[in-house]
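Following are the structures in question.
Next, two complexes with chain A in common: one pairs it with chain B, the other with chain C.
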Partner chain A sequence: MELGASVVENLCLAGDTAHIPDKCFDQLARKACRGVLSETDRNAIADDPSFKAVDKAVLKAAYSGVVALVLEAVKHDADANGISHFLEECKFTPDRIQSFNNIFLTQKPSMQILLGSVGSCRPHIVDVDWRLDYYIKSNHMERINEAVYLISLKTEVPGQTELQEVQFSCSLEQLQDLVGKLKDATKCLEKQAQS
Partner chain B sequence: MEEVDRIIIHSLRSIGCDIDEEVHNLRQFNTDLIVSAAVQCIKFINNDADLPNTLPPGMSARFRMGASLANYVQDMGYRGGDLGYQTFLYSNEAEIRKIFMFLVEKLPKDTSQVADEPMGSSVMLHRAISTELGAQLALPWVPTFLKDRGLRNRTKQPGWHREGTSCMHRYHACHVAVPRDVASLTVKLPKEQRQYYGKQLAFLTSQTQCHADTAPSVLEMTAAEVARQQEWETEWNQSGLTSRLSQKDYKARKMSKIQKMLTDRLKQDAKQRDGGSTMDSLRDLQQVMASISQNARGGTKTKGSRFAHTEKLLYGKDEEKTMAQIGAAVPSKDTEEETQRKREEEQQQLREELTQLLSQIDQLELDMRKMTASRQQMDEAVSSAAQQRQDKEEAFQVKKRTLDLLPDAHNNIQKLQGVVDGSAQRLLSLAAQWEKHRAPLIDQFRTLRELSSQRESEAQRQLEEMKTFRSKMKEVADEARQKEDLQKQLQMEYERMTKDVNRTAYTRKIMEIVANIKKQKQEIDRILIETKSIQKEINSLSGKLDRTFTVTDEQIFRDAKRDESVKKAYRFLAALHENCEQLTKTVEETGVILREIRDLEDQIETESHKKVLANLEKITEDYQQMKKENATLMAKLKQK
Partner chain C sequence: MLLVLEDSHKKHLAFLSQVDVDVVREFCRISMEFIRKGSNPKVYQSAAQKLGVEAQTVQHGVEGMMYLLSESSKLMLSEIDFQDSIITLGFSEELCSLLLELYLANRNEIRAILSHMSMDLPHYHSLQWRFDVQIASRSLHHQTTPQVLLKLETKDGETMDTHLLQTDPVNLLHLTQVLDAALQEMKSPYCRRIARNIK
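Presenting the complex of A and B:
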């Protein structure tokens, strides 16, 4: 896990007892995690009374260092050992390392979920409705008598809470074709899962 | 033997044989145990061997089972001797040991194959992918509204995996600003910047417009910084060090190079776009003419501006472009002819003026050139005249002095001679002094030059060394990382492996046995050498004996014809020789007999291990039983 020089500098600032006293450090770490996770707590650190004694520029620098560390650690799925090792290089005292690990590791799963939800994807099919219609006749032909399937695929689109639908109609052979392709796909997946 | 037995018993227990806790060596195995253990082994190795697990009670069934066991073991490739039902039913410890060692050796190959797979990282990745896919495929379908924001919980390692996509955001990173050098002791932050950091700059998590962009932006910022650092390091290592400038100078030079390149390109493009350098000069000329015309014509400002426009019309190479540039100054249709006429008149006038002025300028230029050329000539003439005057003055001085000296010619000639000699001497001494000074200075110069070239080559060498050190450092770091990864993998494997077989004890014993065998081999070699030397001695001594005996025999025989006492001596000699021969023969025979005794003792021991008597008794018993069974079967048959 590598971080750039300015981030390391800000982290050293955060670990320095002269600039950030011990009581404030826990609060800083907690606010950093909450600030990343929840939208309402984005700016919660600005109004926190326990940081009155700290110089604002120093506080901002330390906060950005901690936020960057937290996100990188989640990205690399670092465990307590890796983080302790890194923080020792940034000249943190063992107490601070311990308290940081405690706070961070409890929030790590939710942050992993947050990072996992970043990405773009096509609409995701979750459900399907189908209906079999019988095409009796039209204005061009007197007698047609064919079966027609109406398929409606329900998809999840990122950003929308309601399911969107993709509707199409197909004949029996086309539907058999589609189902055959789906079966091939499942067989391929199962083969991958076995090997 | 104890060790071997323990290993065999342990392996048999591990495949599921039910062996008592008190059984510690193969001698304590009875026939049932032997048979059931062998059947288990065979079933483990070869799954479709249909043998009953225990020895059946009937004698003929037992006989058949023993025979089939023997067949199976021989089919598997046992080469230790003939097998038959007797090896299993009437067992002999050594043979049983061999058979079990063979079977146990055949066993572990099935279980150790699993641990021998390659542990490359791509293989591990594939395995992780397939386990994850298998786990996800095994879960039943759940409708969307039952998944918590698209996540499903499960008990395996991460505790969740994502199935729905409605809560996903696309990756969008914005620029975020972070305070730098706030508490740095080397860089002084200007007061305004510190104020900005303190009052205006927002906290990092509130800087992006949309909160979902915070994580991507911060990740991108850190990654960009790391990438920039690495790039700078590689560039500095490759070309920065060889240029031998400090970091600041190198960066300044690079910046100036890039700026120069930019300005050159911009100038080139500007020239290309405006159609050549004539336009620039024409524009300048046009400005000059505009100012001249303004000064000359006073209040004709509008004409001046139109003059500027018409200049463009006249001299623009691309008339459409210039028309487009003028744009709004398109004349209306009514006055077009008038303006056209006016324009043509003006054009004519201006052309005439222009040609006049141009010719004047040319004339003036020509004059100027002539003037400068003539001035140069004058200067040269002046300087040459001054030189001549100087020479003439000197010649005059010399002549005047000689004239003065002429009256007292002789003395003066001598004085002059003396002066000339003295000056010649002075010249010589000065030349010698100069030589004296020159030599050490030249030496100094040479040594300094050598020093500087040495220093250059030293610097080159040190650069090379630094490069090799850096590459070595990288290699060592890579190796260390690889070894750490390997160690982690092996640690995991070691934890996975079973620990009930004490490998260190076995390896120690094996090493001890090997050392023992080496010692024994050395002893044997020594003894062989001793034996050989003794044999050689014996041979040489017997040869000597024969020779001396024949010689003495002849001699005494010759003398014996004459003398009586010599005949007695001869008879004594013959008797002595015979007795000694007998002695040696008996010594040899005792040696042979001792060896035979030893062999026979060994044979007795091996035979006593075979338990022949006990087996014979068992065989006779079983034989009786078989007879009885046969009799009963015959009776049954007869009854039917």
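Presenting the complex of A and C:
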């Protein structure tokens, strides 16, 4: 886990008892984790009354350092030892290291899920609707008498709030083909999961 | 169900009884070509010269035959209905049985051509799937996220569309179960009754 020189400087500021008193540090660590998880709370620290005694520029630098640390630690799946080792080099007191680890490690799984979902992906199928019609006749032909399925796949597309639909029709044989292939895929997955 | 022919149609088809059986067979072949590819006036001219009649008579005869064959195929007339429909034309028995034979031989092809003309929704063509495990991304280095990639090809008339979609194992299972239930629905007593009774 490596962080740039300016980030390390900011972290040292956050660990310095002269600039950030002990009782503020816990709150700082909590706010940093909260800011990563929730978009609305990202700047909540600016109006927080518990940091009234702290100089604004120092607070901003310390906050950015702690957030950068949190993100890197989640990205590299760092454990308590790794973080402790890193923070010792930033001249954190053992108490602060301990309280940071306590706060961070409880939030780590949620942050991992959040970071895992960052990135582009194809439309993700979440649901399927179907409809069975009986095709009797059209203006070109009569006595057709075939079953027609209308399938609608509901997909989540990154960047859009509404579900997008992929619609197509299937005859009975085509649907049997489709279901056969999906069952193959499911069997393969189950085999992989068991082995 | 009987095919009702108007007087003008009957007049056009009356020409067929004046020529040989082989000529009628040839006319049927020409009609089928025209149904497949569209009409070609030059053929009328050459046929008219060979038979010693006007080009327009030949044209009406062929067009009458095309209409007879395509309407009968569209309505999917049974043999008996077809024979009853052409009785009103007053053809010889040999000609009637020839027309019946030509109708039965060509009706599936004509129905296939007609179905291409009908409205079609984009329909399923093929599905390919692939199972991946995402082990890292720029934002998160240690991952094991299973993903199933699907390539769905749908055909709309002549154009083929490809949809690249993905899903996870849970949704794949859900998808399979729902579509399997849809398939079983066709075998239910209710659907079978409908299929039996609508003919």
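By our rule, the second predicted complex is superposed on the first by the 182 of 195 C-alpha atoms of A that agree within 3 Å, B and C clash if a C-alpha of one lies under 4 Å from a C-alpha of the other, contacts with A are read in each partner's own complex, and residues count from 1 in each chain.
Please note the rule applied: a contact is a pair of C-beta atoms (placed from the backbone, for glycine too) under 8 Å apart; a residue touches a chain by one contact, two chains touch by 3 or more.
Just so we're clear, the structure is a prediction, and the values are computed from it rather than from any experiment.
A.B. asks: State whether A:S169 touches chain B only (first), chain C only (second), both chains, or neither.
C.D. replies: second
A.B. asks: Would you sort A:L28 into first (chain B), second (chain C), both or neither based on which partner it touches?
C.D. replies: neither
A.B. asks: Going by the contact rule set out at the top, does A:V126 touch chain B (first), chain C (second), both, or neither?
C.D. replies: both
A.B. asks: Taking the superposition as given, does A:A57 touch the first partner, chain B, the second, chain C, both, or neither?
C.D. replies: First partner only, chain B.
A.B. asks: Applying the touch criterion given at the start, work out whether A:Q112 contacts chain B, chain C, both or neither, answering first, second, both or neither.
C.D. replies: Both: A:Q112 reaches chain B and chain C.
A.B. asks: Scan A:L11 for contacts with chain B and chain C and give back first, second, both or neither.
C.D. replies: So A:L11 meets neither chain B nor chain C here.
A.B. asks: A:V179 in the overlay: touching chain B, chain C, both, or neither? Say first, second, both or neither.
C.D. replies: Touch status of A:V179: second partner only.
A.B. asks: If you stack the two complexes on chain A, which partner ends up touching A:N43: first (chain B), second (chain C), both, or neither?
C.D. replies: In the superposition, A:N43 touches chain B alone.
A.B. asks: In the superposed arrangement, which partner chain does A:R143 touch: chain B (first), chain C (second), both, or neither?
C.D. replies: After superposition on chain A, A:R143 lies in contact with chain C alone.
A.B. asks: Quick check on the output: what are the common chain A residues between the chain B footprint and the chain C footprint?
C.D. replies: 75, 112, 115-116, 118-119, 121, 123-124, 126-127, 189, 192-193.
A.B. asks: Which residues, counting only chain B, touch chain A once they are in their complex?
C.D. replies: Interface residues on the chain B side: 126, 129-131, 133-134, 137, 143-144, 150-151, 158-160, 162, 164-171, 178-184, 194, 197-199, 201-206, 211-212, 214-216, 218-219, 221-222, 225-226, 228-229.
A.B. asks: Which residues of chain C touch chain A in their complex?
C.D. replies: Going through chain C, the ones touching chain A are 74-76, 111, 114-115, 117-119, 121-124, 126-129, 131, 137-143, 145-146, 148-150, 152, 154, 163-169, 171-176, 178-180, 182-183, 185-186, 191, 194-195, 198-199.
A.B. asks: Which of the residues in chain A come into contact with chain C in the complex?
C.D. replies: Chain A reaches chain C through residues 74-77, 112, 115-116, 118-119, 121-128, 130, 132, 134, 136, 138-145, 147, 149-151, 153, 155, 166-172, 174-179, 181-186, 188-189, 192-193.
A.B. asks: Write out the stretch or stretches of chain A touching chain B in their complex.
C.D. replies: Contact set of chain A toward chain B: 2-7, 9-10, 13, 16, 19, 32, 35-36, 39, 42-43, 45-46, 55-58, 60-61, 63-64, 67-68, 71-72, 75, 109, 112-121, 123-124, 126-127, 156-161, 163, 189-190, 192-195.
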